[in-house]
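Next up: some structures, all given as structure tokens.
Common to both upcoming complexes is chain A, partnered first by chain B, then by chain C.
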Partner chain A sequence: MRHSTRIAVGPVQFRVGSDWAEPIAALDRLYANYSKHEDRPADATVRLFAARPWRRWLRPSVHIGGDYVVPDALPLPLSMGLLAAEMGMNLQVALGWRRHLLLHASAVAKGARAVILSGASGSGKSTLAALLGEGDWRLMGDEFTLLAPESGEAFAFPRAVSLKNEAIAELASRVDPARLGPLLAGTPKGDIRHLVPCAEAIDRMDEAARPSLLLFPRFGGDAAVEPMGEGEAFVRLTEASTNYIALGEAGFDALTRLVREVPAFAIAYPDSASGMALVEQLWAEAAR
Partner chain B sequence: MSAIETLVDLLAGRRDPEALNPGEWDGVIGVARAEAMLATLAKRLADAALPEPVAQLLADQRRAAEVATKQALWEAEMARRALAPERIEFVLLKGTAYAAADLSCSAGRQIGDLDILVGRQDLGRAENALLKAGWEWVKSDPYDDAYYREHMHELPPLIHKSRDRMIDVHHTILPRTHRKTPDPLAMLADAVPTADGFAVLCPTDMACHCAAHLLADGDLQGGLRNLWDYHRLAGEFAAADPGFWGKLDGRADQHGLRGEVHRAARLARDLYGAALPSGWDRHDPTDRWFRRRLLARDDWGRPTDFLLQQAFYVRSHWLRMPLAMLARHLWTKWRKGHNPASKGTSSA
Partner chain C sequence: MGDRRYRAAPPEALRVEPLGQLTAIFDRRSVQTHLVVTPMPEILAAMGAEPCDAEMLAARLAADFDLEGEGDVCAIVAERLRELAELGLVTPA
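The block that comes next holds the complex of A and B.
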């Protein structure tokens, strides 16, 4: 393709090709601190392309393709090329990755132990993980957590954090502006701005951590903690996994082990500060 | 050399996988995924000393393919449990059949839907039994539904409501309106049992069906995979039975598929290096269009050669139905396409 780049996030090496220069330049800026591994073959291919040749210039709209394609996905305007690239990368991982059990969950680690936060979009799991990652936690990822079927360990996928709507201001006030991507206003998912994780999160992205706490956050309402049984945690995580069925027995074993070994809680929180306090409190209790 | 040619060379064993550079791997992995053959390649290269990231990725693919094969065979078992109480006999087709019969082309082969063949007289009962066992209609569009029932070689696709897997119930192997009319009764009558008690087509019928699927049914999308099936099937059958090619000639004549099985054999020779007996080992100038169509993919996995693809698309419809009917069909489809309220998806 005319323009291309390579990005390694956790264990996945991407090659991203594009009909336009802008999305690649934006990706290169956002992922400047990630190692490139020019000589490592790509596990996954993302393509950003114009459906018709003239749509490269005339009302340019970015279609998302690659190894896997969602047939009816709507294209995005070129100004949202970075979001298209992010969606393309997520799509290839969600549909193509088989080495680990993929959980649609964010995760943070302290030392060699990790907290996994699973929830639907809007649950605040991304924001919580990003905020914790600015403190003394290592951000492992805001979108996917990878579970190794044999060892049960969690692997990081620390792509640039996708901050949405209110979370943008909340994080922007705390971090070096150089770590923020451009504001993508009015996308189908609302306002979006990417945050480059701390250097530690990037440098240590290949380090695994043992899952030690499983949280199912819900943003809104009074602060509350509800212990969750193995069965419910299991069912929720099968729904949060994009490759649970494809992994067959290995996926079942990995998930069974996770919910048996790791304490799980549903938490509700009215604001980020109390959400973070709940995580710290449960972490301290789990460590005992 | 393009990535798709490198992929074909690797499958054929003409190229040393250990000598590929990283850039070449990028393309090979991309096009192999696009052709749904990455796990097939992974099985083929299981013993090669490859760069660590490639070795890991291919090991993932092998493991995943084994799970997928097990799941596909389980789906066949589910169909058996639905159909056996009604005493409906069925024959497994395509990927599931290759896996059930433990044929070499099934190593790493992606299996999508479960394809089965039943006698036309059993079609209605098979439909009822499957509906009772939890399968549901996919298409709600009345035109598509009627089209399938009147003109196709299979029921409209059914999907299982809890397992989310599709089943295609065939009563013959090509559309009823197709210029070629293979003999499904002979296929059913001569089917052979597998070790697990399923039935699959006999070797010559399996090769005939594979060639028909590759060359007479559709526009050659996914053709490299289907050709690989044919290559491995014919090679394996010929190794087990020296008279195989002769028998295949006779059987292909019976089904009106001589042109298809011969062309498939020549393409398997040209691309994958198949050894052909005399009488088969010929040259046909029109094969080059098929070779070009099979290799029409760039190093990013994108389809290329747009006009040639369109030509094969038109050809697939030309083979599939008489002209007047084709015109009516495309007219209906076009009108529906322009009316958002009735927009459905269809490959018919």
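The block that comes next holds the complex of A and C.
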């Protein structure tokens, strides 16, 4: 790879290589405040490569590769190089990470206790976590939460928050513009703009937190709270985990423990303010 | 078919964890997780080490649970045993 950089997000050391300078420069800007740990071996490698050597100049198009390659990953135009790099980083973690149970969930913490928000794309978990992270919560991650199988503790993965569509304006009005990446308009997932998490989220990314509340948000409809049984939470989290099967019994242990120890609720909310209020309300009740 | 005999998995093969209405069963041999509801966990728990058929199991379950009004318990247990065998949690003896 002609251009490369190193990024440490939580416990994961990434090496990102690219045939082009632009995506690497964009990543270096976005992750300027993150540790680099050049001396430690990389856990995951992401490669952004041209399909054929001459394509680097002719019709620049970025393919995503790495330790694990997803055959149907679509090539993206060079202007989407940053998105490709982010997607590649997510893919390598989702497919390759074995040290923790990986939940496709966002998480925020207060002190040493965490709320885990699990939901499909469009559930609003990412926006909710980003908004809470701008208040008095520590953003642990907008996309993945890592669960240590032995201790049951949650570890942060606070990569740059991937704001989508309406969430861009909602967050852009509240944060220093210097924390926002370039607007990536018209991606396969709509408009995307990255947000660098607060300094606290980056500085304390290695601090684990004890999961204390498990929420399954759904954006839309009237505000509602529905307690969720251990069995349903277990089923939903096996579906939300990208490496549950690969972890075998350690994953089974981690999930059974989580759903037994932590109260779980499905929540519905019509807008971000109601969603945040529900999180605060359930947090206050769980703390009692 | 009610007299077909089945053998339970060796005790170290399965992790059986009740989670509210569901029971999660982790099979160490296949590394698969099965989610089952009553009466599957009760049937597995009643099997013991020796091969047994639906009639024997129905009698054991009747001793522990009030099965009055549950219909033909023996036929129900035979059907559930076939399903457990399909999951690989019991094997025909």
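Note that in this section the second predicted complex is superposed on the first by the 288 of 288 C-alpha atoms of A that agree within 3 Å, B and C clash if a C-alpha of one lies under 4 Å from a C-alpha of the other, contacts with A are read in each partner's own complex, and residues count from 1 in each chain.
Keep in mind that, in the parts below, a residue touches a chain if its C-beta (ideal position, glycine included) is under 8 Å from a C-beta of that chain, and two chains touch if they have at least 3 such contacts.
Just so it is clear, the model here is predicted, and its values are computed rather than measured.
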| item | value |
| --- | --- |
| Touching partner for A:Gln13 - first (chain B), second (chain C), both, neither | first |
| First (chain B), second (chain C), both or neither touched by A:Arg99 | first |
| In the superposition, chain B vs chain C on chain A residues touched | B |
| Partner chain(s) touched by A:Gly231 [first = chain B, second = chain C, both, neither] | second |
| Chain B versus chain C as contact partner of A:Glu280, first or second or both or neither | neither |
| Contacts of A:Pro41 with chain B and chain C, given as first, second, both or neither | first |
| Partner chain(s) touched by A:Arg260 [first = chain B, second = chain C, both, neither] | second |
| Which superposed partner A:Ala250 touches (first chain B, second chain C, both, neither) | first |
| Overlap of the chain B and chain C footprints on chain A, listed as residue numbers | 248-249 |
| Complex interface listing, chain B residues touching chain A | 22, 25-26, 29-30, 33-34, 51, 53-54, 56-57, 60-61, 63-64, 67-68, 70-71, 300-302 |
| Residue ranges of chain A in contact with chain B within the complex | 1, 13, 15, 17, 38-43, 45, 47, 49, 65-67, 96-99, 246-250 |
| In the complex, chain C residues that touch chain A | 15, 17, 19-24, 26, 28, 31, 33, 35 |
| Footprint of chain C on chain A - complex, ascending | 229-232, 234-235, 238, 244-245, 248-249, 252, 256, 259-260 |
